[in-house]
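Pasting the structures here.
The two complexes that follow have chain A in common; it is paired with chain B in the first and with chain C in the second.
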Partner chain A sequence: MKAGAAVGRRAGITGKRWVFISTLAIMGLLLFVPSFHNDYINLTFRNILMYAAMSYGWNLIGGYTGYVSFGNVAFFGIGAYCSAVLSKTGIDNVFADVGLALVMCALFAIVVGLPILRLRGHYFGIATLGVALGLTDLANNLDFVGGSGGLNLKQADQAHFYLYYYAMWAVTLVCMLATFFIARSKLGYAFVAIRENEEAAQVLGISPTRYKVIAWALGGMMGGAAGAVFAPANGFVDPGTAFAVDNNVFPIAMAILGGMGTASGPFIGALLLSGVNEILQEKFLWLHSLFFGAIIVLIVVFLPRGLMYLVGLRGGVRRWLSDLRAFRV
Partner chain B sequence: MSFAVTNLSAGYGDTRILWDVSLEVGDGEIVALIGSNGAGKSTLLGAISGLVDLWSGSVRFGERELAGLPPDQIVSAGVVQVPQGRRLFGSLTVRENLLMGAYLRTDSEVEADLEHVLGLLPRLRERYGYLAGRLSGGEQQMVAIARGLMARPKILLIDEMSLGLAPLLVDQLLEIMQQIHATGVAICMVEQDVQTALEFAQRAYVLETGRITLSGPAHALLDDPSVKKAYLGV
Partner chain C sequence: MQLFLQNLVNGILSGGILALVALGFSLVYGIMNIINLAHGAYIMLGAYLAWQLFTSFHVDPMLSVPLAFVVLFAFGYVVQRTVINRVVRAPVLATFLLTFALSLVFVTIALFIWTGDTRGVQTSYAGANFTLAGVTVPWAKLLTLVVALVITGLLYLWLHRSKTGRAIRATSMDVGAAQMVGVRVAHVYGITYGLGAGLAGAAGALLTLSYPLTPTMGDPFLIKGFVVCVLGGLGSVEGALVGGLVYGIISSFATQFDVTILGQHLSGTGLQDVVALIVLLLVLIVRPRGLVGRATA
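So, the complex of A and B:
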C-alpha cells in the first residue's frame, strides 16, 4: 500500500527534473565529438543525433498524443528531398534547407493529417503506413526529384562534414528543448488528454482533430529538419535512403526504449539502441538485424514504458512485474 | 438563465435515436432525466454538448442558441457535461485533471476556483498529487465532478453519477451535488437509478425509446403508477 501510494504520487507528465538535466549534460558532451577528428566517430554520432531528432518527432504524436504513426519517415524523406532540390537549383545553405523542410513538412502534415487524424486509434496507424509507401512510390516516379536514380547534392568537404555535425546537433537540441517545453505547456496537456481519454478531452472543449494535427505537424517538422541536414551531409538522396525502413522503425523503437511521452526518452533511447546496433554490426556482420529485432521485441515485452519508467519506479521488481501484467490485456 | 431543449432529433448514421425531445431546466433547478438502457439519455447529453450531430431542433441557453456550435463554445457558454464512466486522464494527477477542466478558461481565477472545488470535495485535497487512475471508483467520480466544476458551469449535466458505486458513496456524492446546487449551479442529472434521482431532483423527465413520455415534479413521478411499474419494480 505504501509503495503504491508513492508511485501514485509521482508527477503526471512532467517527469523528473534531474533526468532531463542529465540528458542535457550528455547532449552538451556530444558537442565535443568533432574534436576526435575521426570520421567514423563523427558519422556514428551524427546518425545517433539524427535518429534522436526523428524519435522526438515521432514521440509528439505517438508518445504524447497516443496516436502511433508508422509513417513518420515521410517527413524525413520530404526534408531530405527539400535539401536535394535546393541543391539542384544551386542553393547549398543548411539554414535554407531546414527552413524549407519545416514549411513543407508542416504543410504536408496539415493536408494529410486533417483527413487521417479524424480516424481514431489503429486506423490512423494503418493510414500512415500508406502515406509512407505512397511517398516512396511518388519519389520513385517523379523525374523532377531524380526518380529511382535519386539526386546528387554538392559533396561535403571536410569543413562541411563538421558543419553538418553541428547542424544535426542543433536540430536535435531544439527538438529536445521544444519537447520539454511543449510537455509543460497547455498544448502538451491537450496532447496527453487526448492520449488518456479522447472523449473526455472533447467534453472539456479540446478539439481532438485540431490538436492531433498540431502534434503531427510539430513532430513532422522535427523529422523533416533531420532529413534536411542528412541529405547534404550524405551527398546523395534516393527513395531508398530517404524513406528507408530503418528510418521508420528505429525512431519508434528508440522512443519506446527510452520512454514514450517523455522529454529525455527519445535521446537516451537513440544513444543506447544505436550503441547496441554498432556493437552488433561489428560482432555479427550478417545476423545483426536478427539480434537487433530480438532486442526490440524484448524491450516491448519487458519495458513497454521504457527506461524513464524504471527511473520513476518505486517498489522494485514486484511493482515492475505487477505493472507488466497490467499491460497484458 | 433558463436552459431549453426544443424538438430535438438526433442519431448516428441512418439510425434515429431521439424523436422531438423537449426539456427545460430552470435557473438553479435540479432536473432528473430518467429512463432505461438504450432510451437515448447519453445521446441527448451528447447532442446538447455538441458531441453528437443534431438533425433538427434547438438548444437555447438564456438568449443564446447553442445548437450547431462546436463543443468548446458550448463549454465556454457554461453548459458542462460530466461524462458517463468518469473518463479521467489516468496518468495525470488529480490536480492536473482538475486543471484540464479549466482548459478553455483564460481568466485569472482558476487557482481560486481550485480552492473552492477542493473545499467542496476535501477528499481530493488528500489525493491531490495522486495519479487519477489509481483512485477508487468513488474518488474518481469526485474528480470527474470537480473537473466539470473547474469549467465554471452555469448548468452541469451529469451522466450516470451513481453507476457502479456503493449506496453510501452515492449519498455522499448527492450531498456534494446539493452543495454545488447551493452555489447557484443548475443541475441536470441523467440516471438509471430512478429512485435516487427522483428523490433528489425537483422535476423529472422520463425518456423512453428516444421520446419524452412523462414529465412533472419529481415527487409526483415517484408516485406515478406507470413509473412505479416500469422502473421501481413495485
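So, the complex of A and C:
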C-alpha cells in the first residue's frame, strides 16, 4: 500500500466503478450471441472478444506498467502455434491448448523479458517489435510448424464453432477480471508505481525488474490464451495469420481509445473499433479502410486520451477544449 | 575472401537505402517524439510517383527523386500543420495511433488509384552490372547508394549550417527555450515532418529501381527504418547512416548462415532479419542508446 498512496484513490486504478459494472453487464449479454444461430454474428463477436483479450494483455505492460510494447502479437502467435502443434500430435482439446499456451508464453516472457525489460521507453518498444518480427521469420523457416505454408488444425464442426465462441468469451472475461483484481492488489500498485516513477518505486522497495517481468508475462499469457483459442476456431495457422500486423496494432489502438491503464478500456475500445470497422466494411466494401482511418484520426484529434478521459471529465466543454489546446503547438 | 568481399559490398549497397529510409523516420522521431507509422506510406507514395512519371512520360526514376522529395515535403508539411500539430504534445501513443490511421488512409487511396497489382519500373540499365576484383556490383544499386549518401550529406550540412536547420536542432533540445529565442515551433515541426516525408518519398523513388511496387510496399521498410534508427541512435544523421550500413552488412552476411539442428534445416536467406534483429537486441543490451547515441538522461 505504500506505493498505492502515491498513486491516488482506489477507484482511480481500475477506472470508474459504474463503467466497469456496465462492461461486465455487456459481457453478460455477449453470452447470448450464439443464440442468434448466425455464423457471421458469431464470428464477428468472437473476433471482438479476441481483440479485447489481446488488448488486456497489452494494457498490463503498456497501460499499467508504462512499458509500451510493440510486439505483444508474439504471444498471440505462440498461443496459436501451441494449439496447432498439439493438434498435429492428435490432441484437440481447448483446455490443453490454453494450458500449454499459458505455460509457453510465461516461459517465453521470462526468458526474453529479463534482458529487454532493462531497456527504457522507445528502446524497449523497438526490442519487443524485434522479438515479434524474429518469431515471424522463425515460424516461416521452421518445418515442424509448417514453415510459410502453415498448419491445418482439426476442422471445427458446428458444435465446436459455438464451443470456441464460449471459450473466447471465457478467456476475455478472465482477462478482464484478472486486470481488475491485479490492478487493485499490491501487484497493480507496484506496476503503476513503476510507470509513474521507476526510481521512486525502487526506493520504496519495489524491484522494477521483477515486477516488469511479471506484468509482461501476465500480459503475454492473456494474448497467448486468445491465440490458443483462435487457432482451432480458425482451423488454420500460418505466420501471416498468427503474427498479423493487425493483431499487433489493433489491440494497442483499442486500449488507447478505450482508456489505457483501466479495467474496462480495452474491452470498450475493442467493441468500438471492431464495431465501426464491421459496419464500414459492410457499407463500403472498397473504401472502408479510408473511412476507418479517417474516424481514428478524428478520435485522436478530439480525444487524444481516449474515452475514459471523457468519462472522468469535470468542467464540461470548456475544460475539454482547454485540455486539447495544451496538446497543440 | 571473394565471398567475403561480395557480401560486404552487397551489405553496403543495401545499407545505403536503409540509411535513407531510417533518416527521415529518425528525424521525426528524435525531434518531435513521433513514431511516424505513416513513413512507409510516404515511401510508397514516392515510389508510385516515380512509377507514374516513368510509365506516362518515360522519366527516369533518378530524375523523379528530387521531385518526389519536393512533393512529399509539401504534403508532409501540410499534414503536420493541419493534423498532427493538434496533438503533438499529447502522450506519444496518441501520435502513434494518429500516424497509423493516416497511413491506413494513404494506403487505401493508393489502392484505389493504382490497384493492388504489383508494378515495376524497367530501366535500360536495370540488369547491368560491372565486376571489380571479382566482386559484382549492379549499377542500379550503386547509383542508389550514391544518391542516398549525397542526400544524407546534404541534410547533415543543412541541419548544422542553415538557420532553419539550427532552429530544428534547437527545438529538439528544448522547445521552450527555442520558442523564447523566436523559433516558430509550429512551422519548425511542419518542416521537420515535411523533411521526414520528403526523405521517405525520395527513398521510395530510388527503391523503384530494384523493388516491385504495391500499396503496402512501405511496411517492411518502415519496420527496418525503425530498427535502423534505434540501432544507430535516435534523431541523428550519423546514427541513421551507421545503423543502416551495419544492418545492411549484417543481414548480407546472414545469408551465409546455414545449419541443421535436430534434423531441422535452417537456411540464412530466410533468416536475414532474424540475425539482424538478434544483433539489434545485443547492441541495445550493451549500448542502450544505440551505436552512435550519447549517454544523456
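Operating definition for what follows: the second predicted complex is superposed on the first by the 306 of 329 C-alpha atoms of A that agree within 3 Å, B and C clash if a C-alpha of one lies under 4 Å from a C-alpha of the other, contacts with A are read in each partner's own complex, and residues count from 1 in each chain.
Please note the rule applied: contacts are C-beta pairs under 8 Å (C-beta built on N, C-alpha and C of every residue); 3 or more make two chains touch, one makes a residue touch a chain.
Note that this is a predicted model, so its numbers are computed, not measured.
In the superposition on chain A, contact of A:F181 is made with neither chain B nor chain C. By the touch criterion defined above, A:N197 lies against chain B but remains apart from chain C after alignment on the C-alpha atoms of chain A.
Partner contacting the larger number of chain A residues, of chain B and chain C: C.
Look at A:L290: by the touch rule set out above, it reaches chain C but stays clear of chain B.
Shared-chain residue A:A326: touches chain C; no touch with chain B. Applying the stated contact rule after C-alpha superposition, one finds that A:I206 touches chain B and leaves chain C untouched. On chain B, the positions that touch chain A within their shared complex are 49, 51, 70-76, 81, 83, 87-93, 96, 99-101, 103-104, 129-131, 134, 147, 151. Every residue of chain A that touches chain B in the complex is listed here, in rising order: 4-5, 7-13, 186, 189-190, 192-193, 196-197, 199-207. If you check the complex, the residues on chain C that touch chain A are 29, 35, 83, 85-98, 100-105, 107-109, 112, 175, 185-186, 189, 219, 223, 226-227, 230, 234, 264-267, 270-271, 273-274, 277-278, 280-281, 284-285, 288-289. Residue ranges of chain A in contact with chain C, taken from their complex: 62, 68, 115-116, 118-120, 122-123, 125-127, 129-131, 133-134, 137-138, 140-144, 245, 249, 252-253, 256-257, 260, 286-287, 289-290, 292-297, 300-301, 304-305, 324, 326-329.
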